[in-house]
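Everything on this sheet refers to the single structure shown next.
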Amino acid sequence: MGNFKGHALPGSFFLLFGLWWSVKYPLKYLCRKKKNTSLLGSKAGFQRLEFTEGIFKAAFALIGMIAEQFVPDGPHLKLYNYEKKQWDHLMNWQHMTMYLFYGISGLVDIVAHSTNVLPVAMDRMVLSLAVFVEGFLLHYHIHERAMLDLHVHQLLLVAIFGAAICIFLETFFRGIIVLEMLRTSLCILQGSWFWQIGFVLYPPSGSPEWNQMDHNNMMFLTMCYCWHYAFAILIMGLHTSLVNWVIRSKMKQAPTMEIGLLKMTERDQESEDEI
Amino acid sequence: MGNFKGHALPGSFFLLFGLWWSVKYPLKYLCRKKKNTSLLGSKAGFQRLEFTEGIFKAAFALIGMIAEQFVPDGPHLKLYNYEKKQWDHLMNWQHMTMYLFYGISGLVDIVAHSTNVLPVAMDRMVLSLAVFVEGFLLHYHIHERAMLDLHVHQLLLVAIFGAAICIFLETFFRGIIVLEMLRTSLCILQGSWFWQIGFVLYPPSGSPEWNQMDHNNMMFLTMCYCWHYAFAILIMGLHTSLVNWVIRSKMKQAPTMEIGLLKMTERDQESEDEI
Amino acid sequence: MGNFKGHALPGSFFLLFGLWWSVKYPLKYLCRKKKNTSLLGSKAGFQRLEFTEGIFKAAFALIGMIAEQFVPDGPHLKLYNYEKKQWDHLMNWQHMTMYLFYGISGLVDIVAHSTNVLPVAMDRMVLSLAVFVEGFLLHYHIHERAMLDLHVHQLLLVAIFGAAICIFLETFFRGIIVLEMLRTSLCILQGSWFWQIGFVLYPPSGSPEWNQMDHNNMMFLTMCYCWHYAFAILIMGLHTSLVNWVIRSKMKQAPTMEIGLLKMTERDQESEDEI
Amino acid sequence: MGNFKGHALPGSFFLLFGLWWSVKYPLKYLCRKKKNTSLLGSKAGFQRLEFTEGIFKAAFALIGMIAEQFVPDGPHLKLYNYEKKQWDHLMNWQHMTMYLFYGISGLVDIVAHSTNVLPVAMDRMVLSLAVFVEGFLLHYHIHERAMLDLHVHQLLLVAIFGAAICIFLETFFRGIIVLEMLRTSLCILQGSWFWQIGFVLYPPSGSPEWNQMDHNNMMFLTMCYCWHYAFAILIMGLHTSLVNWVIRSKMKQAPTMEIGLLKMTERDQESEDEI
């Protein structure tokens, strides 16, 4: 859907996931570090969480696929127009394919975290493939666009392929907080940039159109992209401090264990440093 | 051989190997996980399997080389035409070179898994080289083709170079199921895409030609490529469930050991999670 | 600031850091190897050092940001010129964004090495991002320049992206001396090349202008870039020998422990070799 | 030196090193595997070998540098022609710079394997840099050449950058035989391809010139490049079998230890397989 909503929908999905991850991963890291199991319970509880995430991912993908097919000007499952002898609504079909792979990723998450047929690492591998396919299709379907349109989508590709590489690395280095945070930041960036693209290409009624051929606009948007990223880092910083503050105040309410734990934490830190 | 058969032959080889791997690797993974040695016996038995695979690979490569040389319009080992003062049938010679490297890879498999002169990791390294050489030659010999012809071969290159990188990683991270499955999926993709290329460039008599210059055809084929991949994932999912079902029913017939094994399996799962 | 000072300022920052690192890392390596703790004290002392580095990094970034904004011909925080209906001083704003990310990297260093909220590896990850963002912005803002101008900046990009990859690897392989030295060399190279760019594009008054279109100039500067790198390696070699000599003479003053230590060193060497 | 000798000289250096490595690494691998220390003695002996290699590398680099400077039509250390106001013999200076970095690599080898100031891994890192610099300079100085000339040098770049990546990986995964063999094969390929370039661009008197614009010549040379590589693999295979045969016959002469050793070998194989 080449319109504002077609960019706002995936943008919102990515933002939701990104913001949730920016709370989840610091929480997991700090709980593990402080040996606090009251908030993010046992390993089993965490596996349930991943399972639920998979369901949400699959649901979002399904919503996206249905939206792309059955919007008023959508293809309604028709792929080939036999009268005009040409393909019909290829744009929507391509977007649907992108959602399809996120759907597959959601299903693999569900299977990998509820049965033991698939290895756990498979969830990251398939997510990495889904992100790669998104980038791959996007790369080919922004051919022959106007300069500014092309540019904002190319910037998006940086976030997409960056995320694909990051998630691929996670297949091998699972549970490393720096990679998880990198993925989170790129996911927030992708989400907020989808919204930005929507505003640039389909400005809300009343505001002026962007000049597609002005080189200055390109330079401004490149910089703007970096500011989005700085903003994503800021949000993650805030969430991390918040989570840290919550865990600390929770631990103060159980002060008998605290002194012993703090010592262990320090030793932990040292040993991590060593590595 | 720039014709339908010239694409169907390698396509069939890749499909055969891909489908076989999509059974072999889940079987190996699940047997190891469930400590079941009845199906995929001992380590020695597995090494024999790799040895047999090497023989098949070398045989397929030999068939391919002979076919490229001795088809009616082939070079029949003649490389230079001294009358016309130009190279003769370079296309066939290039294809033969691709098969040649797969042949070398087969020979290395045979030596590495039957003697102990070569390290085992060498089989993956040489296979990676063979896949890379295939992509390398293909990259240079699709120069100056029509747009659609170029495009479908470029899509093929994505699968080829993806597989080369994946197999190169396997040299270092041997026996990791997610990489083996990735390789399998890319191998199936390559095989089915070779068939697709055959149908697009040399449509069976009766059906209409594809318009080489229509941008919509390009966009459709890009998407079609992703569907091929989704299909490859679907097949692998089916095979994995099938293998899982077979192993389970086999284990039910030997129920005395089951209870103890299930506990071990759970502990296994945990420890893998930890990593 | 498209002038000499605008290149000399970041060049000096990079040179300062590079030269400091070319002393710090050999010192750290040789002290650890010779079990000498008198010079680079305990682990806690080393953490204080990283903390101080973070403060300097943040301070340099702040200086850079202020300079870009408030030089006489700077934007003075004005981003959009409503009269001319165009963006104002985008160049300066882009440079400021580059400094901004180094500032974020400095802040993360400070937090990671003074509290235990962030994992230590986060400092390298964010530094890698900062370097990447520098390269990313530079890549887009050297569009449509004269040939020589473009070329010297492209050479700079090699050092920048090389450093970004190197630092990204350090996130996983922390404290490996060869990566630290590689980063150091690329940092010195970047610093000295910034100065070189300044001299090439804004030659000091009196000396002749460089012909922007002469292919020979391009070839000379490419080679010159390699010489800068050879020079960086030379400096690092000198600093390493100097540090080695200082540590040796310090150890001679405490000779009672020396004999035992030397034996341990040799064994150390062997075991490292093994790896 | 844009002539036949200018390509034959580095080609010979690379071939010499490649052929020597194709004996050394199988020997090292098989000796270690069969616990045979009679041929490639102790670790100290091996370190002496690396030291000697460094001396040869530095010597070859020096020869190359002197040759580039003082051939009859060389620059004789003159860089700038003040009369014509242009750079003088930049080609030779660039080639000299390539040799310079190999010289640095040789020096680092010597220092790293004779003292313990530098970590051993540094030899690979600097060699990787030297190979990268060779490719980097070559990449920029083949601009604006005729099609075939450009093409044969681009093929060379594949071997060069492949080797640079391979050696960079060796910095982290030291002593892994598959990487060492890959490096060896790329080194032989580079050497023999340098000779091939010499014959293509400067055909010996009497034989016809190659048509620089014939697309068929390009396709043939691409394939020819792969044959060179297949040939390199063949040579390495032969050398490995030869080395294996020599070690076996040596061990037969000391039969009392053999039975026990063979058992150990088998267990070795198994444990390697496991990894």
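Letters A, B, C and D mark the chains in the order given here, with residues in each chain numbered from 1 onward.
Quick note on the criterion: a residue touches a chain if its C-beta (ideal position, glycine included) is under 8 Å from a C-beta of that chain, and two chains touch if they have at least 3 such contacts.
Chain identities (UniProt): A, B, C, D = Transmembrane protein 45A.
Since the structure is predicted, the reported quantities are computational estimates derived from the model, not experimental observations.
A.B. asks: Would you identify the chain whose Cα-based centre sits farthest away from the centre of subunit B (Transmembrane protein 45A)?
C.D. replies: That would be chain C.
A.B. asks: Over half shared or under half: which fits the residue numbers at the contact of copies subunit A (Transmembrane protein 45A) and subunit B (Transmembrane protein 45A), same or different?
C.D. replies: different
A.B. asks: Quote the value, from 0 to 180 degrees and to the nearest 5, of the angle by which the CA atoms of subunit B (Transmembrane protein 45A) must be rotated to coincide with those of subunit D (Transmembrane protein 45A).
C.D. replies: To bring subunit B (Transmembrane protein 45A) onto subunit D (Transmembrane protein 45A), one rotates by 90 degrees.
A.B. asks: If you average the CA atoms of subunit A (Transmembrane protein 45A) and of subunit C (Transmembrane protein 45A), how far apart do the two points sit, in angstrom?
C.D. replies: Roughly 31 Å, centre to centre.
A.B. asks: Counting in whole Å, what is the centre-to-centre distance of subunit B (Transmembrane protein 45A) and subunit C (Transmembrane protein 45A), each centre being its mean C-alpha position?
C.D. replies: From the centre of subunit B (Transmembrane protein 45A) to the centre of subunit C (Transmembrane protein 45A) is 44 Å.
A.B. asks: Two or more other chains touching the same residue: where does that happen in subunit A (Transmembrane protein 45A)?
C.D. replies: As it turns out, subunit A (Transmembrane protein 45A) has no residue touching two or more other chains.
A.B. asks: Using the contact rule from the top, write out all pairs of chains that touch.
C.D. replies: Contact pairs between chains: A-B, A-C, B-D, C-D.
A.B. asks: Would you pull the subunit D (Transmembrane protein 45A) residues touching subunit B (Transmembrane protein 45A) in the complex into a rising list?
C.D. replies: Those in contact with subunit B (Transmembrane protein 45A) are residues 29-30, 33, 158, 173, 176-178, 181-182, 214-220, 222-223, 226-227, 229-230, 233, 240-241, 244, 265-266, 269-270, 272-273, 275.
A.B. asks: Please give the residue numbers of subunit A (Transmembrane protein 45A) that touch subunit B (Transmembrane protein 45A) in the complex, ascending.
C.D. replies: Residue list for subunit A (Transmembrane protein 45A) touching subunit B (Transmembrane protein 45A): 43, 47, 86-87, 90, 93-94, 97, 100-101, 104, 116-122, 125-126, 133, 136-137, 140-141, 143-144, 171-172, 174.
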